[in-house]
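You will see two complexes here that share subunit A, one where it goes with subunit B and one where it goes with subunit C.
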Partner chain A sequence: MAALGTSPSTLTDAADVIALLVLLSEFAMLRSSLSRSQVRLYGFQSLCVSVLAGFVAATQHIGELYGLMGLSFVLKVIVVPMVILRLVREVRVDVTASHRLGVATMVLLAIVLSVFGVFVVGRLPVHSHSLPILALGLAAAVILVAFLLVIVRNDVVSQAIGFFSLENGVSVASLVLAAGLPLIVEVAFLFDLLVAVVVFGLLMRVHQGRSRTLSTRALDRLRG
Partner chain B sequence: MTGVELDPVEIQVLQDLTILVFAPFVSGAIAHLGARLQGRRGPRVLQPYYDIAKLFCKETLVPEEASWVFLAGPVVAFACYLTVPLLIPVLTQYPLPLGYMGDILGGGFILSLAGFAVALAALESGDPYAQLGSSRAMTFGALIQPSILFVTFTVALVTATDLPYFEAAAVRSSLGQAIAPAHLLAAVAFFLVVLSDTGRIPVETHASTLEFGMIDEARTFEHSGPALALLKWGAAMKQLILYVILINVFAAPWGEAGSRQVGAVLLAIPAFIGKALGVGVIFAVIDNSFSKLRLFKITEFMAVAFLLAVLAVLVLFLGAR
Partner chain C sequence: MGAILVAILVAPFVVSLACLKVPLVVAKALSLVSGAASFGLAVALVPSHEVTTALSGWLRVDALSVVFLVAVTFLYAATAVFAVGYIQPGGGAAEVRYSRRFFAGLNLFAWAMAMTPIVNGLALLWVAVEVTTVVSALLVAIGDTDGAAEAAWKYVLIASMGLGIALLATMFMYYAGSTVLGGSYELFYSRLLGAAPRFPPEIVRLSFGLAVLGFGTKMGLVPVHTWLPDAHSEAPTPVSALLSGALLTVSFYAILRFYQVTVRAIGPAFPRDVLLVFGLASLVLAALYLASQRDLKRLLGYSSIEHMGILAIGMSFSAPIAIVGVLLHVLAHAAAKSTAFFGAGNVIRKFGTKDMDRIQGAVGALPLSGPMFLLAILALSAMPPFGIFRSEFLIVEGGLSTRATALSAVLIVLVTLAFFGLSWYASQTLLTPTSDSVAPGEVSPWMAGSMVLGLLALVVLGVHPPAQLSGLLERAAAELGARR
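This part shows the complex of A and B:
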């Protein structure tokens, strides 16, 4: 790190700020009512994750991570949001206010979950030399809040976005714990994501075709 | 370094006078800029002074049922707003003797006392809109408290005290401390608190005449003459006091006097007013670029402030390991 000419604590702080942005965009996804803005927030979050990967690549001198950064940038910041936005546009159904709970209640619940995540990780005897351990705690919080997003929002787009951002949380966690992971494993993760995009795209189309809505509320209606 | 040195007590009085004299100026400048941003000519920058002077010359009318509380409220509030500048770093980097009299919570209590006095006076008037305003002000004031508490916790974790002077010194001590994630989060959370406490746009329209959206502004409906002047002046002072805490404790604690030299202390006044106007520009821009939240959605805004403040404490907790 001395090669970069800055003190370690400033670098740690910068990494922490990026990890915090990942968590904050997760919160923003949780509360934003428009599907479009959710997708854009997902793009922003993925951008933060890519920057974090580049950061680890630069400080730890791991060349492969540059490849991962580029790949995840192209896929998660450009391709996936574009595909989802196109699907949402085609469906022509404005999905708004699909919250099961009030926004303030949801945010409070999410705060409780992230506090839980951060504290639990804080108790773990983990040491990482690529990123501060706080990033791992924040990644745990991102994963828990993504679960909450999938649970409390009942429209297909939210659930897809929740699932995708879950993957972002896992990416951050893997950057902290196993920055030197072979590139092929990381690429397999990204491939998983692509499969998920296809599945969710299909789900959105079929669901919309059957029930003329993107809300999952229609799913518990019995047919006979 | 042979200049005339000021007595600490004199500096403290000067801090009070700075707030007292320049508060209407800052309010007027923000109102003027806000109007210009909307393409209007807007009131003169010095208009609040003329308003206050005019009101002091008018007679006081009191509702028939109101008791002495109605007239005492504005005076008590004004006295509170004169007390708080003694506790916070307005002009100096070093603590003044009375600065130890109260910490951030102490200052917060005094500001709440002022709000309480105004609310009581509004209740005394018997006017439904004034009562509606004070009821709302108390409710939202209570809802924003958790954020303030967690910001205070952050300060306490960083400095091991909860004195504003020490937080400012910690921020000044190194750039790393100034861009530390916990500090950034706490500063943004406090910014949102100031936005809500000064009645700015996502929470309240500052200069509207629509009673249904009013919170703070509705409380002064029945007051007139010198009492109304005190309330208006007090509101401007409260705003400037919150700016002081935002600027000189969290955001930019640079440019205050480091010594007791007359020149340094006097130079700190324009420096501070400049910084306050800078913050005012940000508030005016926000005022013009966002819409007011519906009354029942204000809790969402407060949840965001709370989220940032809680994250600040979390970051400090795990970052310390």
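This part shows the complex of A and C:
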């Protein structure tokens, strides 16, 4: 935090608030019952991550990060939600996502996981120049809640969104830990994400074509 | 030498694209040539005592990389032979299109896996492993059955989440490096290894734990193995062979790269404990599950989990001889498991089912591939004179030499338990009397012929590994921090 001053300034506060918004949108995704609103929440979360990347680029004067911000904006805020929303629109059936646990239990579990993430990671000896350490804790919380989301929701849209939001959590962590990571690597990550979107989209379509539903309840043949 | 790396990086990719356009016969021929050529090029790297680099340092191959590159390219070549017989489309346009797509996918998958040990640096390593996931998920789904769709979905979801964790591990390692090397540096192995002794230990520990969990998901370590038996049983057989023999091992390679840095930074105690926990859990669970399978390919899938557990335990002994054993095991397992999957492919084609209750007397029905399948199962169970016997012997010897006597005994007991399960089911399907309704005869000479390659390699590794290969394994073990 050396570059931002040792006492909490308005800038670090702003960064913390954005990181907190990322976590809150993860919570909202966890409990939202419509697939469509889940996808929109993901778009909002990605927007926050892009803003955070822009914030780091501006305060740290890392020109490459602007490029990264632009790419991640196009991919995560526009392309991914568009692909998934189109799929949801085409299917027309069961747009309401389903969960295995009650909403209250889910949210309670998510709170426990977040507290764990924030406090455990907060104790790590990490001194970042780009963002406050709290952002790293929040990123860890996002990742843990994303796992919960994938585990307790049983429709392919939620599970795919869970994976993509995990990627968002990792992105926030990378802004704290590795803001100076060479651009070529970052571009490779984003390219990977793009391919992942294609794969997820394709498999969702295959699943929907075979079982006429987006629910994963039918996926129980293979066990043992 | 650098040109070899570029060739391995370019050839399968170009062949993959070509497969989509050219007639099927040409696609098959191209795949065969590309597989054999890649293997030949990889073998040409074996005697080299130097680190080979190319493309201004972005490609880099040391002894450790060559071991895995040889394993991957050998499987590529053998699988290409098997696939030529396995893919025999009827006249329909849809079937021909499927076959072309299949060969394109196969070459692309092999390309991605060959890329993994060639690229330089933890970041590109992660990217390469991610590419293997993407390609292989599509190949698992290519059969377009309910089972394939389910297996592919589970695989892509679980493996991608695991790789998300692996990415986090890479970030933490980058951060650990940036405390010494300053911001914005490339994650090249040589730079990381040079600076590793000054890395902050807590961060390195966290990074290694996350890396084992993340890449372990793709390697099939318990408890993050759950996609593995499904994907192995539902994928087309050539893909299963590549998944088991090559994909799991390149994920192990990724863990070894983290191990290398971690050992330099904080010593072998912590990585040893982590690998031991995952390895033991894998071995115990696989040994138990092997005793209760009905699906032939699932059986082999659980056998893969068992062998990945052995690899992890072997690393946890951290004696030089055990590490040489682990690296030999990588090669021997690749040969044995692919041969076993090819055998299973022959049996499944012949009997039209994967259900072992309905397969009787495969040795009688398949005069060549039946007995070879039996030999492959014996090789997997670490019977002499095959390579796995030698490698497991070295691992146990390493365990005894570091006074991990109890652990070595547990290892032997669990491996024996796995042997019972594997050989019990295999003998039930193979050695029972053949029913009269099945006419004896091979399905395809290519499918039977591919098994000869694997068995040959296993005998060579088991009876007398070439001196240059032994030298390579020892150099690779030294790179992993094993000191005599």
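Everything that follows uses one rule, which is that the second predicted complex is superposed on the first by the 211 of 224 C-alpha atoms of A that agree within 3 Å, B and C clash if a C-alpha of one lies under 4 Å from a C-alpha of the other, contacts with A are read in each partner's own complex, and residues count from 1 in each chain.
Everything below uses one rule, namely that a contact is a pair of C-beta atoms (placed from the backbone, for glycine too) under 8 Å apart; a residue touches a chain by one contact, two chains touch by 3 or more.
Just so you know, these numbers come straight off a predicted model, no measurement behind them.
With subunit A as the common reference for superposition, the partners subunit B and subunit C occupy compatible, non-clashing space. In the superposed model, A:Tyr42 makes contact with neither subunit B nor subunit C. Between subunit B and subunit C, C touches the greater number of residues of subunit A. Of the two partner chains placed around the shared chain by superposition, neither subunit B nor subunit C is touched by A:Phe55. In the overlay built on the shared chain, the residue A:Arg31 is in contact with subunit B alone; subunit C does not reach it. In the superposed model, A:Leu166 makes contact with subunit C only, not with subunit B. Once the two complexes are laid over each other on the shared chain, residue contacts for A:Thr10 go to subunit B alone; subunit C is not touched. In the overlay built on the shared chain, the residue A:Val115 is in contact with subunit B alone; subunit C does not reach it.
Measuring only between alpha carbons, the smallest separation of subunit B from subunit C in this overlay is 18 Å. Within the complex formed with subunit B, the residues of subunit A that make contact are 7, 9-10, 13, 16-17, 20, 23-24, 27, 31, 102-104, 107-108, 110-111, 114-115, 118-119, 121-122, 132-134, 137. Here subunit B touches subunit A in the complex through residues 175-176, 179-181, 184-185, 297, 299-300, 302-304, 306-307, 310-311, 314-315, 317-319, 321, going by the rule given at the top.
Put simply, subunit A touches subunit C in their complex at residues 124-126, 129, 143, 147, 150, 156, 159-160, 162-163, 166-167, 170, 173-174, 177-182, 185, 188-189, 192, 195-196, 199-200, 202-203, 206-207, 210-211, 216, 218-219, 221-222, 224. Against subunit A, in their complex, subunit C makes its touches with residues 123-124, 127, 130-131, 134, 137-138, 141, 144, 146-147, 149-154, 156-157, 160-161, 164-165, 167-168, 171-172, 174-175, 178, 183-187, 200, 202-203, 206, 229-230, 233-234, 289, 292-293, 298.
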